[in-house]
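Naming follows writing order (A, B, C, D and E), and every chain is counted from residue 1.
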Amino acid sequence: MEVANIRRKRDGRITIKAGSKAEALMVSTLMILAVLTMIGFLLFDYSGLELKKAISETGNNLKTMFLEPALTHFSWGEAIYQVGITVGLAFLATVLGAVISIFLALFAATNLSNEWVSKVIRIFVAVIRAVPTVLWVLIFAIAAGLGSEAAIIGMLFHSIAYLVKAYSEVFEEVDEGTLEALRATGSNWWHIVMHGVIPSTLTYLMSWTFLRFEINFSVAVAMGAAAGAGGIGFELFMASGFYFDLREVGMITYAILVVAIILEIISTRLKNRYFPSQ
Amino acid sequence: SEGSAGADGKEEADDVIDIVWYPNESGSDMKSSRDEIGKIIEEKTDKKVEHHLTTDYAIAIETLVNNNADLAFMGAQGYVEANQKNDAIQPLAVPTGPSGTLDDAVYHSWLAVNVDDQENYKEDGEYAFDTIEDKKMSFVSNSSTSGFKVPSASIIDHFSSKEVYADLAEEDLMEGGELFSQVLFGNSHQGSAVNLLSGNADVAAFCDTCVENYVEVAEGEENKQGSVYKVKEDAAEPFNKVTGSEFTLISVTPVLNAPFVANKDVIGQEDFDKLQALFTSDEVANNEQIFVPEESGESGLFFKTDKERFSEVEDSWFDPIRELSN
Amino acid sequence: MSLLKVVGLDKSYHSNFRVLTDINFEVDTGEFVSIIGPSGAGKSTLLRCINRMVEVNEGKILFGDLDVGNLSKKALRKLRTNIGMIFQHYNLVPRLTVIENVLHGRFGYKTTLQGILGKFTEKEKEHAFFLLEKLGISDHAYKRCDQLSGGQQQRVGIARALIQEPKLVLCDEPIASLDPNSSKVIMDHLKAITSELNITCLVNLHQVDVAINYSDRIIGLNQGEIVFDGPSQMLTEGRINSIYGTETRQFITV
Amino acid sequence: MSLLKVVGLDKSYHSNFRVLTDINFEVDTGEFVSIIGPSGAGKSTLLRCINRMVEVNEGKILFGDLDVGNLSKKALRKLRTNIGMIFQHYNLVPRLTVIENVLHGRFGYKTTLQGILGKFTEKEKEHAFFLLEKLGISDHAYKRCDQLSGGQQQRVGIARALIQEPKLVLCDEPIASLDPNSSKVIMDHLKAITSELNITCLVNLHQVDVAINYSDRIIGLNQGEIVFDGPSQMLTEGRINSIYGTETRQFITV
Amino acid sequence: MNDIMIRKRKWQFTIFLIIMIAATYASSIITDFNALHGITTFPAALYWIFSNMLISQETLTRLPSILDKLLETIFMSIAATTTAAVISMFLGLMGSTTTRVNRAFSSLARFTASISRNIPVVAWALILLLSFGQNSLTGYLALFVGSIGFLTRVFIETIDEASQSSVEALRATGATYFQIVNKAVIPQCLPLLISWILFMIETNIRSATLVGILTGTGIGYTFDLYYKSMNYNVVALVTFSIVITVIIIELLSNYIRKVIL
């Protein structure tokens, strides 16, 4: 029996896909990425690489690092202290960044702000985000001298740029009706923000902030060392680049890993305790 | 990091002497020397000393240039650049050679090849630069005096007389394709040497003092072209994987010792003079924390074999290096 | 004098399409007026013009002796405290408690700082509980709003409007998302507001039968124009068809 | 021989709480059986036991001559192709087209590879269209499922079950999320399945009146036990109360 | 009247604030951070930017080699992301409660993700550099390992959120595990998965600068070379080209996201 509405391909077979633009775009995105990946592998500069040797050496190195970790150039107490510095750098950059970003994001959210202000902020943060963190750190190290200020302000720039984007997108998802209802009670802008927008987005804001904290921790490892603020990254850099001490690199990696996992656990706990999603 | 003052330290910058250390001198094995230098400065000036360690050369130099630090210990090349950007930066003192004078205040920049390949780098029985064309080259880092600036200047000097390489510039040596087939950076002198010995590079640049703990002369004299060095059997990392391997020096260039430099605008003439007197005193020369007796086996910033000490130095002493950059 | 007077109101969102054309009507204190009309007729727009959630193009809206179109920002906030609003989707802040949502109705009386800190007087809080009690949901006062059923949420919406101590309440399809039982509860409450508290109610409705049952007077809108305005008894079958256009009407009752 | 036979079925999710206790019943080919009972009585669990979406603790389920509890993985897949299932929330893949969702019902007949590649024969596709046509939604065949109304989505769910060419269809509250009109359409379709295609239907329902109207036979569950099993005419008011417990019943009808 | 609940919540919030303030204070002590000093340096920083970071005519001659390296970085980031995405897809399927085969695999997948995410990419770069030396593959691997951690985590969350219901329905039709994954799970998650992949590519291009500096590959290497020789004009040019690239890629992926989500 022939039914109406059947779509057929040229060869007479029945189509079952809707053939929407979204679908086509998804498929072509994936295809293009696959092709680019292959081109990438062909283009890579493999000079000086003996894959087999490198892999077995990596295996050996990893074994030395993780199975025989040891600290030779400094003590355990020192290691914990240094990780503490790195965490501190990341934490300050995140907290300061979060506070500043909340305000900027309110003005960057199209539903809370005027179109032009929002555009200007968005373009501004997009540019800041695109500049490598190292450069920000360098600039502030030059201006402020070596120390934590340079590292934190350098990371702060990126944190703000990242969080403003994330926060403002969260704010934009607030139900327009809720805002309208508050406006209709005679609330002013600040009332609406404090009692409508922030409470209904708090969990998302927290999630993004914690995610950024994780990123900042990772960045602080490198940036603390470069900016002269110290931290475990400095020890890592010395151990791998100057002493070539794999055992110490292993131990430092463990220290970083332990702290990172503890932070993850704490942040999940905090989030669930103070800002439950249900 | 170390020597951190209270949170209020920075406001009274005048009462603080900030010293910047390069990665080379930032290791914990040199901590006792660093701390000792800090201590004697504190005693002399009644000011607080803050040490700043960084992994980044550019940041170190720029900090001094932009009046955010008082003192730094940096390679001759670093000094020349810093001085060019800000002429308030002046050399305070330079460690001398065994003679106790500036005459031998040098160390050596080497170009080395693996001993088995050494014949390939000779022309008519003599080592010749022509042979390193299209080889895999390893430098230390492009901010290193003896591991890049000095050797690259000699190389450019040699090749620019040829027509094809008339426009050869320092930047062309930083990446493969121009003169070398590939350029690696070891990020440290040890790293550069290991690049050579492990076969990743054909030719490597590094300096004598930086690897002296790991190698010994196997053939010929110290610091002579054609001499062969051998990695000690008990060499520490990173040489532990290449113990026993040998390399030949195809070029040896003396390099001026690294100075302590000061930013006079920040530190002030008075303190500059005080510190210069301090550094060049016999007291410092005999301080075993700073000039560690070689036979003690301890580690430190400087070693004492004979009459080593700090000596005052004129800016013009660095002119040979300055000329390399032009 | 009438509480609300709309004179020659014109409104268009885009220059080429008029949503409301020459609207004129008056509402007295304590009246319960329903506005009916097909989808897109401009019912919601009309309500939003009254408390100036959208700007009017032509004409005047007088609330008491205030010209709504001519108010300063501050005076506008003051006006809005006098006009409560109730929405189809309740528009509560879902993560906050019932009582907090009710107290939001007091912001119009607060300075920025008081509002940000969330300072409410004991009297206000007691009033809020009194209203919740009256609406039969005081048990849920400390629950989060997203844990309530639709009918309960709408009652929170009503409490929020009432705590403003308004003279006029605007309701935009207050029962469109509710099941019949909850709808009845809500409409009874709205009716009680006018009769007991003497507050005027202006209600957009889709359900003609509900409108006829509850309201004193009905305004019929079609394509932005008032096509009927009179007591609910006068809304005959024929007039209903003229408001909705026959074919549309059929669609709606399915 | 009966199509489905449940003997002494016991089921508990946690060791300390029995959800189903000693369930015994038989269903014949072409019967339309409704299962009613209060929330938590174990209706959904019972259906899920039949096609072994959950494992049984005690007792036997015989489908034809197969012992459901004793099947290999492969045989279980085969069994499931013979039993269609329809859900309260339709459980379609929202971003896929209607026709794709319907064809998902054929996976039981495919090898993994065929299924992954999405190879369907022309005959299967035509059959899918035929079913959509019969259910009155072939216009929407190329729409994404999340663009359909609830009633339309449920019809896609039915088509997916029917294309399996099942002998038995299990329906877990197929109309609980639907408005009265769509509910009628769906129940009519289910009824038609038994009468026209001679497929057995086992339907969980909350609406007693619907159950009485449509089914040949009703099974009443309460706290995991069968408290009624008989023709729908025999379900008197008193028996209904015994199934639901009087006070619960009142709550449900509100 | 009983407002214990509200009190409790206010209390909890106050405690949270106190914890945060205490942690901030502790952090500034341990890192020796002086906010005032930091803020007062902004003018100097701006001044430095405008007096040093100037792109001159002469530096433009280096553009071809910069673009060359930039291309390497882009390819490196894309390759690292896509290959990591393939692995993460498996880990994600194993880790998600909706699709996991059994509990042990699920924990294993989550654990793997946690390890590779929590070891900073910098550490990976330094570790890999030791044995792989200075070539594109090192940079690629560093990004690859970091991407696996992040992607696996978000993939698990995405798959978890995809409705369990259609999985159940397909199981009831007699579909096999792979059919279910392929026809119910992936179609539902694909737009989000692609969106995360695009996000990861962006992120990787940003971190490629840092990774490049450490491993001597791609644009990061170029950046580092000129930066170390303090040729800030070229650094400005490099930065500018990174900025442009990142912004173009961001716009592109925003567009794709808008269409597919």
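Just so we're on the same page, contacts are C-beta pairs under 8 Å (C-beta built on N, C-alpha and C of every residue); 3 or more make two chains touch, one makes a residue touch a chain.
Protein identities per chain, from UniProt: A = Phosphonate transport system permease protein.
Given the structure is predicted, the values throughout are model-derived calculations rather than measurements.
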Worksheet item: Which neighbours does chain D have in common with chain E?
Response: A
Response to the item:
Computed over C-alpha atoms, the centroid farthest from that of chain C is that of chain B
Worksheet item: If you average the Cα atoms per chain, which one ends up farthest from chain D?
Response: B
Worksheet item: Taking contacts as defined above, which has more of them, B-E or A-E?
Response: A-E
Worksheet item: Just how far, in Å, is the C-alpha centre of chain E from the one of chain C?
Response: 48
Discussion item. Nearest whole angstrom, what separates the Cα centre of chain A from the Cα centre of chain E?
Written reply: 5
Response to the item:
Averaging C-alpha coordinates per chain, one finds the centres of chain A and chain B separated by a number of Å equal to 38
Worksheet item: How many Å are there between the centre of chain B and the centre of chain D, using C-alpha atoms for each centre?
Response: 81
Item to complete: Provide the list of chain A residues touching at least two other chains, using ranges where the numbers run on.
Response: 47-48, 85, 138, 142-144, 147, 229, 233, 237, 241, 244, 246
Worksheet item: Tell me, which residues of chain D touch at least two other chains?
Response: 100, 118
Worksheet item: Do you know which chain E residues sit against two or more other chains?
Response: 28, 32-34, 37, 44, 48, 133-134, 190-191, 227
Discussion item. Show me the residue ranges of chain C that touch chain A in the complex, using the header's touch definition.
Written reply: 51, 53, 77-81, 83-85, 87, 89, 91-96, 100, 104-110, 112, 115-116, 118, 157, 160-161, 164, 170
Worksheet item: For the complex, which residues does chain A have touching chain D?
Response: 1, 3-7, 13-20
Discussion item. Applying the document's contact rule, which stretches of chain E touch chain B when the two form their complex?
Written reply: 28-29, 32-34, 37, 44, 48, 65, 133-134, 216, 225, 227-230
Worksheet item: So in the complex, which bits of chain A are touching chain C?
Response: 175, 177-178, 180-188, 190-191, 194-196, 199-200, 202-203
Item to complete: Over in the complex, which chain E residues touch chain A? Could you list them?
Response: 12-13, 16, 20, 23-24, 26-28, 30-35, 37-38, 41-42, 44-45, 47-49, 71-72, 75-76, 78-79, 81-83, 114-115, 117-123, 126-137, 140, 190-191, 194, 197-198, 206, 209-210, 213-214, 217, 220, 223, 227, 235, 239, 242-247, 250, 256, 259-260
